[in-house]
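Both of the next two complexes hold chain A, though its partner changes from chain B to chain C.
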Partner chain A sequence: MHTLPAVEGFMYPNEMELQWSVLIVLYPFLTGLVAGAFILASLQRVFKVQAVAPTYRLSLLTALAFLLVAPLPLQLHLGHPERSFEMFLTPHRSSAMAMFGFVYLWYLLAVLVIEIWLEYRPYLVGRARATTGATRLFYRALTLGSENLSPRSLEIDDRVGRFVTVIGIPSAFLLHGYVGFIFGSVKANPWWSTPLMPIVFLFSAIVSGIAAVLLIYLFYTWAKRIPLDMPCLDTMAKYLYYAFLVDFALELLDLVHRVYEADESFHTLDFMVKTRLYGSQLVGQIFLGTLVPLGMLALTQLVALSERARKGLYAGAAALTLVGIFLMRWNVVIGGQLFSKSFLGYTTYKMEFATREGLLPAILVMLLPLAVLWALVRLLPPMAATPPETEAR
Partner chain B sequence: MRELLRDAEHLIRLGLLFAAGLLVFLVVRAQLVPAGFGELGHFRAGAIGANQEREPRFAGRAACAECHGEPAESLAAGGHAAISCESCHGALAAHAAEPAEIPGFAATARALCVQCHAMNRARPAGHPQVEPVSHAEGAACTDCHDAHAPGL
Partner chain C sequence: MSVDRRQFLADTTKLLLLTGAASRAWAFVEQGRPQDAPGYDVHRHWWAMFIDIEKCIGCGLCVDACKVENDVPPEAHYSRTWVERYHVPDRDPLDPLAEPQPRVDSPDGGRHGFPEIYPPGTGGKSFFVPKLCNHCAHSPCVQVCPVGATFESPDGVVLVDKDYCVGCRYCVQACPYGCRYIDPRTQTVDKCTLCYHRITRGLTTACCEVCPTGARQFGDLKNPRDPIHDLLRAHKVQVLKPQMATGSKVYYAGLDAAVR
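== the complex of A and B ==
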């Protein structure tokens, strides 16, 4: 018999109610998609994987759309719209969480915006020349008033762009490694405190980013009736498979390490995984969200399948992967708050619906980046033909 | 050099735009960051004074003992000595300030006692615990127990 039905065993009073809600689950999920999409883009730009070139611009726009929305769950969680934006104004080195402003603004302004601008400059200039009225004014403002597309200027753009991407890769690693670090560095919480956390977050970010861009690319070509570049899709799926294998191996390494080390927290965490996290971790994350998509991707690598079958398997695997990575974030964030630091009790997460941190705002925050991406794709079409004067590029 | 400047003109414009953006950011930041921020640490120094100015909601044990001497003495002598009056009776600074106008709170609800005395195997073995549903079937705990000097 317990007086608090949601609590089992002994909880300290400040542990009964979860302070980090589903919105804090969304934050690493969104930033992971940003980092993953950017790293996919850099495959073509820096590592010269030409097969994924058709998704280069789409990946960059996806990264931007998700990055623009990424702080929103944090601000909704903080409440106080009159002062929550101060996290951008007063970043500080004193704690990992206070560094958010530096990490976020660096990645947004020094990497993504510059790279996208340089990539789209010929298109912006072309539009500014070809349109009239307000549209022209808009695109002319985006060109910053310079319509120089001389071969030399484009060569400079290319070099600067590559330099920005080279900085961008460690920045993308920093962005998501940082998110993992926030959890991994909480030494009072044995579910989080592991130096592997930033690396696991990073690889799962790459996995989720590739899966997201793969789905967006499939949807975009279908919606726009553009012929799908099958070698590109095959290459993305191959990278998704490889990245996922590394990610899964790292998570298994973490698991094996925990089981073998079996420190004083082990029985508590083991019990939690087998009871309260059974559905979301064992069934959702590991079976449906990891083993099944890995199996589907392995099938496409081992057996010669028709284009139609491959497309179906890729789409299914990518969708399940996203579910799995979301559940991984869920199990980290929510799981880390379900057990007592006394190791003697467990609480329950009760998700609200139409409240500031409920399910409804979480769904809206998840859909918002897709709306932003829709707008970005309309303004900066990723498959637009290169203007004739830049064909030499 | 001149040609290079011409061909990199758009980048110079971008650099200037960023510089302008940075300037705007710094100006906005100077305006929005509250006065006194950072003086004592990464927070607004005035927040300490603002918190000190708030009215306390708890009166404290000594204030209770001024009028309720007998229960206060019996509490201090018994097994609940470490528990403050207002742990069970609620925050009563307002009552202590105006005892005639604002009533106190008689703490007789079972829910209060079972917070510490409901059966829970995670509690220390010697701690008195009961099954709240079957124990004394719905009677007030204070019918049999004196909360100030616990025991039967």
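== the complex of A and C ==
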């Protein structure tokens, strides 16, 4: 029997223990990275921002790695994970959560996997032809028997790929906007219940995805000793800056709206932010995780800096951005449970360590997508040139 | 009181038949099909509760009866029903704009009553507010359940199918009144069933049964002869958090504005 958390004021008895733990913080963080990385990839594919082309494949693989892991924290959290399949078999259509399975599967199978397969098909065919034994079998299986690399065939690939990306953008918006809706539609909770929630989640997702791919690109080129494409990095940083400005403006709009309306929940939430969330929201999310990286990025936009200085600032800003977005998820999920719905008291979140929903599984769940990405990058090298033998057979 | 053999046999037979019918009915309830239960027409009832705050003395018998009747875990943070004590201090004449802030407590969910901490003469007002699931007609908890494990039965009771609940806790977040908890033994959600196993046998709920002052009254809004109609007519009533528009069916008489 564990001890109950420290309560200040009055909580309804059933409210003393938090229901959604750090794992539920990870879930919107991971899906946000997926949506953001995909939208970065679509910059090149759909919006013809050729400068970010070097990160196109890396963005797709990043999205896939994080998407594959995204349901894991949910599964770990469920009281009966063995029943989760019921959400597919008998979904309750009025539930935002029930639709997750379908949005997730749609995004995974109808968008991401198809786009990656089309993009890598020439590489897969090339590998199947150039290798022997088990490796050859493996790559042949991945080609799904489609080994035609004629110019006409590649042109069709390209057109289908672009079509999938065009569908993919609203799908990515749906994937993460809906995660915001899961929280934003809970009318019982004034900290969550705002129609801005899906759009704030969406823009923070784009911000976190760009920041993550920027860091992964820096690390990848450094680890592989590949020359870094500086215009690409500059462009990513520019998009990160602008997306972050929109995201911050939306969050400020939410804040101004709350302060100005000052409804019955205001004093409770205001007190919570200034005490229980002081470190994670005011210091962590807003100052260190938003204002500082925005300042660093603004500096690179306003002042002509050396390549080395820009790289340092980009890396620092991207890392702080990820911390800030993680803390934003934390403040939404955990913050929304720290105050009583009676507005008369506050509880605390005691994170455990080596339990099913403790810190240790959270760290492992956070590291797992990176391991998956490492494996994906080995199987499908993002910088590999399309094989020269593109003639029809 | 003497009971002759004929009377005894008749009563025993009735009891056995009723118990048998109830246990048969319960199997249907657990399957999420209470309307199929024999001897109980789910469409002929619409259950509600009336709570008179002026009558509640904070004895906690209702909380205790609920825990025992429904095998609720003993800890206070697993509560199907509980009692809150509100104390609203007097307004400060030197600062009349300052709204008096209520002080609320519910030691052990009020199960063992309340120690006196506001003796007469300390000013302000104190009163008790029993709480339970409001069995909303437009339940936010039912709306968000991803698998439909929690549902509104046609007689107006919000129930949970424990064999179906995945334990995602979304309904706990969605309830504005804090009426749901996760049963640590089953890892599924649990809440007040309005003693469904009793009311489908024609009995009242355990909490109403033991209430010594009649502060809690259980009634059927579809039955025109049910006394609950008189209670609702004779009192000015309010539901908790009316702004949530949940269609709450727990009506409070004498509810103070301080209560949330």
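The working rule: the second predicted complex is superposed on the first by the 369 of 393 C-alpha atoms of A that agree within 3 Å, B and C clash if a C-alpha of one lies under 4 Å from a C-alpha of the other, contacts with A are read in each partner's own complex, and residues count from 1 in each chain.
The working rule: a residue touches a chain if its C-beta (ideal position, glycine included) is under 8 Å from a C-beta of that chain, and two chains touch if they have at least 3 such contacts.
Note that the structure is predicted; figures quoted are calculated from it, not measured.
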| item | value |
| --- | --- |
| Which of chain B and chain C A:F353 touches, first, second, both or neither | neither |
| First (chain B), second (chain C), both or neither touched by A:F219 | neither |
| Chain B versus chain C, judged by how many residues of chain A each one touches | C |
| First, second, both or neither for A:F287, with chain B first and chain C second | neither |
| Touched partner set for A:W374, first chain B, second chain C, both or neither | neither |
| Touching partner for A:S150 - first (chain B), second (chain C), both, neither | first |
| First (chain B), second (chain C), both or neither touched by A:W20 | second |
| Which of chain B and chain C A:A98 touches, first, second, both or neither | both |
| Which of chain B and chain C A:W117 touches, first, second, both or neither | first |
| Which superposed partner A:S84 touches (first chain B, second chain C, both, neither) | second |
| Chain A residues contacted in one complex by chain B, in the other by chain C | 9-10, 86, 90, 92, 94, 98, 342, 344-345 |
| Contacting residues of chain A [partner chain C, same complex] | 4, 9-17, 19-20, 74, 77-81, 83-84, 86-87, 90-92, 94-98, 100, 182, 185-189, 336-337, 340-345 |
| Residue ranges of chain B in contact with chain A within the complex | 3, 6-11, 13-14, 17-18, 21, 28-29, 32-33, 37, 42, 111, 114-115, 118-123, 131-133 |
| Chain A to chain B touching residues, read off their complex | 1-3, 9-10, 86, 89-90, 92, 94, 98, 109, 114, 117, 121, 143-146, 148, 150, 152-153, 156-157, 160, 342, 344-345 |
| Contact set on chain C toward chain A in their complex | 76-79, 82, 84, 102-106, 109, 131, 140, 143-148, 164-170, 172-182, 186-188, 244, 260 |
